[in-house]
Amino acid sequence: MFRFLIGRLALLVPTFLGVTIVAFGFIRLLPGDPVLLLAGERGITEERYNQLMEQFGFSRPIWEQYFDYLVGLLQGDLGISIVTKKPVVTEFFTLFPATAELALCAIILAVAIGIPAGILAAVKRGSFFDQTIMGTALIGYSMPIFWWGLLLIILFSGILQWTPVSGRISLMFYFPQPTGFMLIDSLLSGQKGAFTSAVRHLILPAIVLATIPLAVIARQTRSAMLEVLGEDYVRTARAKGLTPFRVVGMHALRNALIPVITTIGLQVGVLLAGAILTETIFSWPGIGKWMVDSIARRDYPVVQGGLLMIAAIVMVVNLTVDLLYGLVNPRIRHN
Amino acid sequence: MNNPDRSAVVLAESRNATRKMLAEFWFYFSQNRGAVAGLFVFIVLVIVALAAPLVAPHDPDVQYRDFFLTPPVWQEGGNSMFLLGTDAVGRDMLSRLIFGARFSLFIGLVVVGIALTGGIVIGVVAGYFRGWVDTVIMRVMDVILAFPSLLLALVLVAVLGPGLMNAMIAIAIVLQPHFVRLTRAAVLTERTRDYVVAARLAGAGNTRLMFKTILPNCLAPLIVQGTLSFSNAILDAAALGFLGMGAQPPTPEWGTMLAEAREFILRAWWVVTFPGLAILITVLAINLVGDGLRDALDPKLKRS
Amino acid sequence: MALLEIRNLRVEFDTAAGPFRALDGVDYTVEGGEVLAIVGESGSGKSVAMLAVMGLLPESATVSADLMAFEGIDLRTMPAAERRKVIGKDIAMIFQEPIASLNPCFTIGFQLDEVLKAHTSLSRKARKDRVIELLESVGIPDPLRRVSAFPHQMSGGQCQRVMIAIATACEPKLLIADEPTTALDVTIQKQILDLLTDMQRDTGMGLIMITHDMGVVAETADRVVVQYKGKQMETADVLTLFENPSHPYTKALLSALPENATGDRLPTVADYEAMMQADVREVQP
């Protein structure tokens, strides 16, 4: 297990260095003069230009610049936003809880529905139920989620008027946000109706963001279960006279979960990519919308910093999932 | 038997074997009704896309000034001139959707073409040479895969400049590591097989070994991944178009059409519904075919 | 009353190429304390019959019989929940691939404890002691430590011992062993066979030994059923069978044993195929 962990970490270091090179190179690859790009569209005086050139060190050799960039990174310096003039790190951590809350709710939704659906489809293989579930899953998997979000807005916000169109909570509520998770903070605030409002704002974006992971998890669970149900140890479990529930839900599922956990881990990237679209549609103030807006506003230090932070999150989650994989798979744990 | 005769026989035999293989493949593929339906829809889409100027009732870019946001024909206020209604500047939805099929299929084709070619070449090189070449290539792929695909594509387009061509290049770069990994893994398992050793002993050179001897035996997973990437490319390109970073208006690309339609979402459902439905149907058809291909090509899942 | 009595058992599988009859009208009778061997080559339906008794056949199988009774109670008419109380407790089964037959995700202690939990009312503490006792009885060294081992940490022979411990945990009246030694090394095969026969002698349970190995039959069985292509060729007690086989297929099987070889080439069942086909047809009603 320890060797397994070290091996994973060793793989992570060069990958992370590569990510820093991509983020560092991004601004320098942009067509045009980096300082003019950083200055924005209004343009600047020559004096200011030279000053910025000096400040960002663009005149020095490239490897020195990269080294400075790395040193800055280690000190938690991701640069300053051109638009807001605030440090990128600060902005990131202000907005990240919104995305985390949305993504967590989405993945919980996807796992809570996807795994049971996949199990049932596998157990009732070939039945009408199986075909319906798998047909639905394939549609979900093929769904352009930005359109799906718009459709849900037409139906639930437009026609039925059940849910609001955008934001995290109704504007009439204002309270401190110690956790940054609106569901928790609204409960802590004790204000009447705050929690309901937060839920109503969250539900549609969470469904939209959960759609593709849900479909992927259901399909993967079904195929993993089908494979496992044919194994000898499942026959042994039946030969013990155990209930079908225990045979499927314990002996088969425990083994089928091993590949499913990997799949769930791979959904982090899908969720963050999906967050870009979902947050844009629902005006959800998270890092996905932040990135899209920053690209549109040419706020390149933000794009650079956000790119790095998002990649770091993906890598950390993937590492965690790898460890979890080792924990649920005794064959790795004990070798 | 003299030589020309013999080679003719060998040729005929190998042609027979190929035909038999195809027949077997079709047998397994046609067992999957969904896959056949998907293939049918896909063929219809291809025909519609190719014959777009003949099929479309209107020019996709002509604005009929008297018909802004006309609803579809079956709804009150609809006009039989515009079966699926018109958009905010009076262009015929149906014609734009038909021309949009051209863009989506073209995007899929180009992206998969680039990603597949690049991925195969890099993957074969990595798997065949091993050592530091392999390490460097695979670490670079890891770096690409560390970013959420759409985000990286978005940033790449920001570097290259918005537009359909750049969007396609960006998506191809983002999708290509999957092909590299698959090819490399397949090459690694094949390269120690006896038939490869035999070819090497017979004096086959590196290039021949890599691409003529080993590669054809790794094709099955690549074909399946290719179909998957085809639908992913269409989805990602539409998403980029929707975010304003892909095809630019007035191109009748489905994602771009959705972006233009967003502000009318609560007033004119048809301008939002139809382009998305077109994307969904296309992607679904391709994914159905992909599932069928996987079942037909993967011997593990074949019923005995 | 016989322990297990089966009359006219038929099993059919739905396949892509139409129904396939794996068993065609076979009869078995096992008395308490008796060792019955079912012999035949692969495809003779010898495992299928016992999987039918255990209710372990896939859904594509159709089982029909005139009688399939355990201690006089027909297993076919039993409700599923009732049948599960018999399966694993009074009738237990071990399989050909011991490592694959144990769940890789759970410790062997857990997998043993599970049967006890399902079929006995022992306390947690009592079950724990019983698990150790069972592991000891099947000859697992250092059982206190091995309870927390995973199947992949043990050899095939040890896994089969654990399987035997699981099967005998509730002191079954009938143990079915489906080619229990086929996947094991020759030296281990002998040990496992000895363990099985010892346990059978000590507990007086009925034992059905499914095998293709005439050596195993000679060593363990009281009575033998010979099967070929889903049909029963011959039923006899073991001495009669070896001394005086009545059916040509049995003769063929016996002469295919290396020690019975006379010429410079080992005869195979195929050498007798033509002769046998005629007889098989004769046997059919």
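Points worth noting:
By letter and in written order, the chains are A, B and C; residue numbering begins at 1 in each of them.
Operating definition for what follows: contacts are C-beta pairs under 8 Å (C-beta built on N, C-alpha and C of every residue); 3 or more make two chains touch, one makes a residue touch a chain.
All figures in this text were calculated on a predicted structure; none of them were measured in a lab.
Traced through touching neighbours, the fewest hops from chain B to chain C number 2.
Farthest from chain B, judged by the mean position of CA atoms in each chain, is C. Looking at contact counts per chain pair, the maximum sits at A-B. For the pair chain A and chain C, the distance between C-alpha centroids works out to 52 Å. Separating the CA-averaged centres of chain A and chain B is a span of 25 Å. Those residues of chain A that touch chain B in the complex are listed here as 11, 14-15, 18-19, 21-22, 26, 29-31, 135, 138-139, 141-144, 146-148, 150-151, 153-154, 157-158, 269-270, 272-274, 276-277, 280, 291-292, 295-296, 303, 307, 310-311, 314-315. Across the complex, chain A is touched by residues 54-56, 84-89, 92-93, 95, 97, 100-106, 114-115, 118-119, 150, 152-153, 163, 166 of chain C. For chain A in complex with chain C, the residues that touch the partner chain are 231-233, 235-243, 251, 254-255, 258, 328-331, 334. For chain B in complex with chain A, the touching residues are 34, 139-140, 142-143, 145-151, 154-155, 158-159, 161, 231, 235, 238-239, 242-245, 255, 258, 262, 265-266, 269, 272-273, 275-277, 279-280, 283-284, 287-288, 291.
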